[in-house]
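Should a chain be cited, it is by its letter among A, B, C and D, assigned in written order, with residues numbered from 1 in that chain.
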């Protein structure tokens, strides 16, 4: 009994150390150190917090994307949904609705976008990747139809720059609403994915959908719920983006779906489903932020930045697999 | 007659796509009757024909990758990098067109090998590897080109002949680009259907564990597939130079991956691996080519194009699903009837 | 008695997984023209030993000799080239490919030609399948095949390779009487051709019938190697578990009065027709028939996986509509399906995760959070109850032996405490000892007032446990027998007769 | 090495995107001026996003501010998406100058704008060029950048105005404005569609470098040079082959390096106490004196230049 106990304890400790999240975490530390030594300007918490806000919006959607990827699907329409929700809210405001009413309308739009995806994917069994490649154009297209080449802005003062509202300050460094919202959301999603029954169902849908169905999980409902959630959070993120930019345009966050996917995968979620980590995604979001801001402020040109981003992504996954290199190329 | 009917029922999926393409022509004809008039039809067809080859060539490779349950997001960047290396040779070292093609294919294949090595031998998920190399190859393209593009007059003479010249079939000119890509499609059709390698691609995608235990060298197969995709990137790179007349570090191959993945999946290749045919992919490319050119030809206003494009993709998926499920119901009923008859 | 020198010899093989030894200094040899049976409890290490011999795993210690010379198989391909074919315990098929491809992909390459001659391949496949007397055709798709048919494809695949050594890891677990008979004929033929055969199984009668020699593994150690002619079934059991078993328990008849489940004319054209049956509280109802009779399809209709096209289901005297397993569970129905790795367990997750997956509501708080405190004792209780051989509940199911996976699977559904239990081949791949445990468990459940519908292709199981039995043939119920007039002859007759005439005429 | 050494003037130039030959040309102007004024006195940083999206420049502006830039020159991807960022930069004491364009409607968020040319002349000049090439009659179309490209839209409006009001062009009809989104693929498809849609098309104006190159390419490969005349705004280096083989008779552009050259002198003057107010003048080396206009713009040229067979080789070598 004693030996068994001892083993399981060692098991626990080594389980902690063998977690996939260590890799992005290590890379995060490394990039922090490198960036800080490359550039004096980087060593400024106030600047860091200020310039990272924009990624927190994408980071929020990376959290829902983690759930979706864990369930074996993908949602490439996230940035388009952000854009579409913000557009509807802005249109409603300019049509004479008070901003207080326009905001819920925007969130509802996000939900609606999620519902469209969810229904097509869960109830018609269409593959999520191609569905969301399609709806990505549809949602952004809606925005383009309504606002075309213009920007919609001129919102009430209280709505502008919500991200700058300081929740608390450390010296000159401002912890704004968006940053804290992201952290809180990450915590909530951590609980959802790793501590609740719903989280287990999500993982099961990703690992073996047939088995989940036979275990009396309503897998269609789970999928729909995930896309609704994704739509809703995208709606929030879209409105926050609009508040930060003071306006909305049809090309808001164009092409950033790949960024969101990268954050999730860096965080250790498996694209084939059944495995995902909110802690991992959280760290990966920070890593991407530090990488981007660190490199930009160090005047590294965007071509070299791209190259480094690619390299980091590869490293993050090669490092934990180095064992395989040593082991030789046997199995499978 | 009976033969024909059996042919249709056995290839429902392909015929649905074909029918959808015709539907687009029909809708276009109703919206703008003049689009389908004699003179303009040839122009439309020519546009579709010119849109297709680059995407078809890439889709052949993407199809093999997707059949193996993988994905390759790096193709656009790979195309840019191989085109740029060849372009620099053209511009600064006076390389001939054929030398350029060889170099582009070699560079493309080398990039594909890097992907293949990381994916097959280190067992890193394809999406992560290619997401990484997508950035890395594009960054490298910028770095070696120093951000400058290679413009038309710096390309060797004859580069654009592949677009302007070709085989005349009736009144329609089939540019060499199209001929080349169709030949490639034929080659891949034969490979996938009649060679061990081809069938093993399906086997590995269908059940990797089983394939390994059956003695199929999964790693080698996977590595080869990514290398082939890389070589196709090299070919596409030269096609792109020929069609657009310049090589630009940021424009060349941009967004190619999304279009090609769409074409592949619309063409019936299953994201769950193991399924897909060359004919389906060819039709998928034709469908997207038709959509893209029709949107311009019908004269849909700029601001509505994106929406229309997305809507057509989603509709195509829906129609496909509905027809296929009706078809499987029909088949089942037939089977039952057959069984009853046996009794 | 030894006819020839062994083809393959394993000497002092040990194997450890993450520090735990599952094989300890095992010797084993395989001789031409002989069927060598390998038996042992679930998790004794049988499959592991065979995987080592066929190159899937590398031994931690010890040596393999091929024709007396030491070898080291790099991978399964290498072993196959040396003439060793393994039929895996879980069928490994390519769902997207047809039967011919399933048979030949991977090992036809050795002919050197890169191009496949399809016509020849289909011809060869059909010939092989005919000789096995199965109704599968070479161009059939494997997708949607029953587990038994997939098993036959596996067997055909091994035969097609013309191997010198054929290892069969529980080939008969999913097969029914008729198929087993054909398989045994095939095995005899192979034996005459001088092939060396290893046969793993839990049905001792079969072992006695087919095997020449027998090796018993216990806890990863070889406890004995004997010629089959010299021993009895009892001896084998004693060697396997270290003690002998009393006669199988005989269940006393419970006169059914309170209806738990009733189906009326459940029909799905092409699968089953007009299936009406009654299941009372406290009753164990058997369902017998040949493979492909439509029993599993019927069960999945009752459980809502693939609802019937017409007919009614009544639960506890009320008509209910069951569209999906969620509905079924709400009405107190649980089902242990026949394919545990595809529709049963999440093999990449832990034992704990799997066991409580169908009762998330019970182990979760109001807000939906899983309470470890509630979860752990339940898992402990049931793994003890079913004596699951595992490291700890955090071990992934994938790492368990086949039989122990089945136990976890049964435990998962027992935990739901449903009133109506459908068990589809519940003891597939389970060893004798554990089988007794499970039989005892089933009759205990019945005693507690649960209703059990047990689908099984093993006649002894049906005969010993059920109060009543329904026999199906080609989708129709052809007989309902009570305990009094239940005999194996009657069941066999009904299983191959449709409405008065015998099938296949 | 990021913080400027004492006395060095730190100039940032943020283009719409990297890999765009046009901004490479513009950047060469910066380098010319710095070479003239002394390499050791300046720190010049040319950096920007890889893709031209409305908001992709924000972080570059923020980083420049954080690095204590003395002046930021930016070719903004959007008329208003950067307003908040500009305000923050100017609050931090870093002047924001638009270069190569202005941000109509958001002028209050920048200090000044260096214009390549008087934009109000472009519409007229382009129509005139087209008219000359097609003999003042026939159908023509416009192949623009994106539907929301502000400059192009202004010019197109001006072209329409000229067409409607000037008798000389009464026989010319503008059949359609299409958008190639500044992507080669899309521009090519749109150009092909134009040719199919309008059998009598005589000319195409493409007031964008990607568009004009794509349009010329289509006309060249289809051998339609005699039938359809393409003109617009293009880069000499990209257009050289088409001018040389007669596909394009002539096109217009300003002189991008002038703008960069001017920018360095402006930044230097401001560092020396110069105030960017309407009417103020400063001297820009070999280009002479420049005055800041009422709307805060500085015109590097007044009229666009014509590039044709006579001068293409000379300029193609430059940009």
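Note that a contact is a pair of C-beta atoms (placed from the backbone, for glycine too) under 8 Å apart; a residue touches a chain by one contact, two chains touch by 3 or more.
None of these values were measured; they are calculated from a predicted model.
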| item | value |
| --- | --- |
| Which of B-C and B-D has more C-beta pairs touching across its chains | B-D |
| Label of the chain whose CA centroid is most distant from the centroid of chain B | C |
| Chain A and chain C: spacing of chain centres that average the CA atoms, whole Å | 44 |
| Averaged-CA centre spacing for the pair chain D and chain A, given as whole angstrom | 36 |
| Contacts with two or more other chains, residues of chain A listed in rising order | 144, 148-149, 301-303, 305-306, 331 |
| Per-residue multi-chain contacts in chain D, two or more chains | 18-19, 50-51, 146-147 |
| Per-residue multi-chain contacts in chain C, two or more chains | 75 |
| Pairwise chain contacts under the document criterion | A-B, A-C, A-D, B-C, B-D |
| Residues of chain D defined as touching chain A within the complex | 2-3, 18-19, 45-51, 53-55, 58-60, 62-63, 66-68, 78-81, 83-84, 146-149, 153 |
| Of chain A, residues touching chain C in the complex | 4, 8, 11, 191, 195-198, 200-201, 203-204, 207-208, 210-218, 274-275, 330-331 |
| Chain B to chain C touching residues, read off their complex | 194-197, 199-200, 202-203, 205-207, 209-217, 270, 273-275, 332-333, 335-336, 339-340 |
| Chain B residues within the chain A interface of the complex | 69, 73, 118, 121-125, 127-129, 131-143, 147, 208-209, 212, 218-219, 249, 258, 261-262, 265-266, 270-272, 303-311, 313-314, 317-318, 321 |
| Parts of chain C lying in touch with chain A, wherever the complex brings them together | 74-75, 303, 305, 324-326, 328-329, 335, 337, 342-349, 353, 357-358, 360-361, 363-364, 367-370, 392, 394, 412 |
